[in-house]
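Listed after this line are the structures, all set down as structure tokens.
Look at the two complexes coming up: chain A is in both, with chain B in one and chain C in the other.
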Partner chain A sequence: MNTRMDQLALELARLRRHNQLPIADARVADLEIAANANGRQLHVVSTAEDDNTVSLVLGWHSVEPAASTRSPKLVRRTLPQSAVKVLVVFYALIKDPNTVQESLRLPQLSGTLDRLVGPGSGGTAEKALSEVLTAAGLVVLTSNGWQPGPKMLTWDGPTRAVMDHAAERLWTHPLWPGGANA
Partner chain B sequence: MRDQATDEGLVLQTVRALEAADAPLRPRDWPALEDPHIRELVGGHLKGLGRQLVAVTHGDGGPIEGWLSGWSDEVAAELAGDETDLVADDFAVLALIYLHSEVLVRILGEDVPPVLEQLDQHTGPDGRDTVRGQRLTKSLRRLRAHQLITNQNKLGPALMRLTPTQSRILEGNLVLLLRPDSLWARDIKAARRPESTLTEEE
Partner chain C sequence: METGWLATRVDSGNVHRSCHRGSIPSYYSRVDASTGDGDGAAAAPRTAAPLPRAPHEFKSAEARQAAGVLGALLKEIGALDSTREEIDAGLDLCRTLADLDPYGDGVPTRRLLEALQSRYPRRLLQNRLGVLMTSGAILKDKDVLNEVDVRLSLAGSLSLSIVPWITSMSGQRHLLEMLTRIEARATSRSASVADVRSDLVDLRRVLSTFANDLRRMVDSRKTAAMLEYARVADDRILRARIGRLKDAVVQQFPDELTDELESLGAAGDRYVVQQLRLLKLLGASRKTLGHWVRRDEVDEVMRGASLSRLASLWDGIAFDEAPYWLSPAQVVLAADDLTFVKATGEIPEPGGTASETEAEPPLQDVLRALAEDLLDGADERDLTPMLLTVPWPEPAVLLAQLALLEGLDIGYALTYPGTLATRNDQSMTRVVTSLYLRRVEVGASVPLSGVLL
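Let's turn to the complex of A and B:
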């Protein structure tokens, strides 16, 4: 790792591997130029309970490449269905305009899943949060509970729109917290 | 004369696809990758991200099935020293699966039953007491999350992303482990020795 370019490549590789890196350790402007030149984009996010911890996340320039089953075929890694359910309910709880909250405790999430999906569904929440969704950088565990992770905070517009739509539908469900039958 | 602007657009589109892909990009879907000039440009962009273009072949030296990106050789050596969520148990389990898959199936070409079945049939120590119960379950889960093994406990798709140099290092390790006193092992050790040490000894 001799040249400045090699060092930047290594830092971008570390960003990809670790999902996020503290901004204090990084040469942001140089990394931003290097990421943009190669189809990626650098995001600055605050993921911890303490705003002093600001991190860099490697995202996609404009929108993320979409999976395609037609030519040119592109296979993307998908989340297990059980983890998708947990993710959607987590996102809807965090974004619920009636209960502004930055983090969630596990019982709150698993209780909501039990009501919406059926008894026992909440049991999948801990495994999905602590393994699949954490590894994907979608959630992060802080001392205040589970919070959106670096990847969720840097979703592109179309992804966010899909998740917002799903959340809005959940908010009107009678079994949603605060709903008619909750 | 080539249109540089078109090439650059195509190259970036291909780089993004490679970086997002969970399976090899097939040449018939991504014909640009059949063009050595485009491949060179793609390789240049990937290098800027600490990545490298990897050809996925059917067997050693077989036809190219598709293309993936993986850690470049320079970056992989640095990342190997970084912290990871994988623990010693995970490496032990992965090594066991690797040994059974590579030595028995690929190298010796034996038609062997699944790893668990082989271990059950084995008499004497089989290494399983070192990682068992919940620890084994957790290790398998972590290895699957990293795509190092499949749900069937076979070597996973992450190993397709190894560059030729990285594959050679892994195969060299296998020789050092199984035939530590062989001439082959001696050659591998000599090749890995820093140049200054070689000069002093030879």
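Let's turn to the complex of A and C:
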């Protein structure tokens, strides 16, 4: 195995493990060929505050497949349900047509969660954002607050449609910020 | 004795060797004696020097191993801190010299260096040759100033076998070699009890140290070290060898070394337990192992390792963790929870406010109506005939309702005259106690008690 292939394999491994890889550290053409050969797709995203830092993210050509226990096996780690709730509220707040915003502060998110599911959700939101959702590459913390992470920016169409549907349901809820009973 | 600490230590080392064949208490008494006299007093200021905070950073693992083994003899560490290439060059100088000079006539240094300069830098070879000549491993053939022929000394030839042994010695292999040597001595007819006792005690010390070292390795979950260790470790061989040694000692010296054998057995058990722990961890399922491979270690390796290194670390364990996946079903469920969607089935309201219960008259009204129906306008009514005639279980139901009515204390009471009434049927006879229902003042009734039927 030559060194060139070693480096390529390591870059793919780091890309898969850390959700993103700075474009300056990677040989994009080689990585793209290797990803395509395995049914994956390379996305180029910018998650930092300035657009100078551009990263590569490993995605799927069409729909991201679900876990499979039969051959070909595909092992998945599902997110905890409490983290999914936080993610849905986060996405709905970011995409809310009434309040255009690119990042969220924790009090805003936990306040909305408190209104929807009852008080005491602040701790859950902070834990989910800083641990699970960050590890999954779905959110990222910047100096302006929490922003969509590389994985969220490269969601496939069906996943985005499901999240949009959930967000619309929240927007029409009476307790949603700006709603009838808010 | 020269000066200070080193002289004392070297001397105590000699004492150790000379007493090795003797009894253990004599060894300790000699050491105490050597440090308790004038020399020991001179050594006191040296031992009070500050202790090092960390071990020396060696240039090669071989040098570290050799320094660890020979530590008791060392005055300073730097002399042993050679790179692997320097160690190899020194050994190759001795080997080549032995090959070039089978009869000990001496070989010109130029010829010796030329034979090796394709494998090592000339400067390195000259440097190593100088060190070997200083140490006495390689000698000048004649003790004259311009002499350039050299020959291998006896000590240098011993280093050919001892240096590779010291620098590559693993714990398990060394243990097995110790066991072989001690077993051979224990089965020898000329062996004394003191010799075998000394050997057993040394083996027990080494076993205990190895067990502790292995325990720390397993506790720290250092995967690479564990895999390397597990390659040579075999608990079955070790257990069998310890058992064989104990049998040999018991046969040769019955009842004389019982305590030593017991201590040795305990130390051996500890070592084997740690080995089993290690093998159990390494043999566990991939899923389990994925949890105990330390995250920082994986990250560190991933940053700069070659594929062969990655394979040696992760082969048979776990490559990495599965990626997170956002399930659409989870998203829909979360949206349901967040928007409080009602379940499809009707949830019953709490009792007391439902319209159905409000439509029914209160219980006391029902019972009062029953009592008025029975009394039929009179103040008192004998209910005995009714109890005798109405079909079963109506008498029991009636009696329960009337008892409840009396308990409500709303102006009705029951009276039991204490007589029995009977009625013969075709197949049976019904027996009841006589019972009267009468009106009373509210608050005057006495709660019913006793058996009625």
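In this text, the second predicted complex is superposed on the first by the 171 of 182 C-alpha atoms of A that agree within 3 Å, B and C clash if a C-alpha of one lies under 4 Å from a C-alpha of the other, contacts with A are read in each partner's own complex, and residues count from 1 in each chain.
Keep this in mind: contacts are C-beta pairs under 8 Å (C-beta built on N, C-alpha and C of every residue); 3 or more make two chains touch, one makes a residue touch a chain.
Note that the structure is a prediction, hence the values are computed from the model and not measured.
Undergrad: If chain A is used to align the two complexes, do chain B and chain C fit next to each other or clash?
TA: Overlaying the two structures gives a clash between chain B and chain C.
Undergrad: For A:Val89, is the partner it touches chain B (first), chain C (second), both, or none of the two (neither)?
TA: second
Undergrad: Quick one: name whichever of chain B and chain C touches more residues of chain A.
TA: Looking at chain A, the partner in contact with more of its residues is C.
Undergrad: For A:Gln81, using the defined touch cut-off, is the partner it touches chain B, chain C, both, or neither? Pick first, second, both or neither.
TA: Only chain C is touched by A:Gln81; chain B is not.
Undergrad: Pick one for A:Pro158: touches chain B only (first), chain C only (second), both, or neither.
TA: second
Undergrad: Where does A:Leu170 make contact in the superposed view: on chain B (first), on chain C (second), on both, or on neither?
TA: In the superposition, A:Leu170 touches chain C alone.
Undergrad: For A:Glu64, select first, second, both or neither according to whether it touches chain B, chain C, the two together, or no partner.
TA: Both partners, chain B and chain C.
Undergrad: Which partner does A:Ala128 contact after superposing on A: first (chain B), second (chain C), both, neither?
TA: neither
Undergrad: Quick check on the superposed pair: does A:Leu12 touch chain B, chain C, both, or neither? Answer first, second, both or neither.
TA: After superposition on chain A, A:Leu12 lies in contact with chain B alone.
Undergrad: For A:Asn38, select first, second, both or neither according to whether it touches chain B, chain C, the two together, or no partner.
TA: Touch partner of A:Asn38: chain B, not chain C.
Undergrad: Could you point to the stretch of chain C, among 224-232, 332-340, 350-358 or 368-376, that collides with chain B in the superposition?
TA: The overlap with chain B comes from chain C residues 224-232.
Undergrad: Show me the chain A residues, by the header's touch rule, that chain B contacts in one structure and chain C contacts in the other.
TA: In the superposed arrangement, which is not itself an observed complex, chain A uses residues 1, 5-6, 9-10, 13-14, 16-17, 64, 75-77, 132, 135 for both chain B and chain C.
Undergrad: Using the touch definition from the top, list the residues of chain A that touch chain C in their complex.
TA: 1, 5-6, 9-10, 13-14, 16-17, 64, 66-67, 75-79, 81, 84-85, 87-89, 116-117, 132, 135-138, 151, 158-159, 162-163, 165-166, 169-170, 173
Undergrad: Which stretch or stretches of chain A touch chain B in the complex?
TA: Where chain A meets chain B, its residues are 1, 5-6, 8-10, 12-14, 16-18, 34-35, 37-40, 60-61, 64-65, 71-77, 131-132, 135.
Undergrad: Note which residues of chain B are touching chain A in the complex, please.
TA: 12-13, 15-17, 19-23, 25-26, 28-30, 45-51, 71-72, 74-75, 78-79, 82, 85, 141, 145
Undergrad: Can you list the residues on chain C that touch chain A in the complex?
TA: Within the complex, chain C touches chain A at residues 302-303, 305-308, 320-328, 330-335, 337-340.
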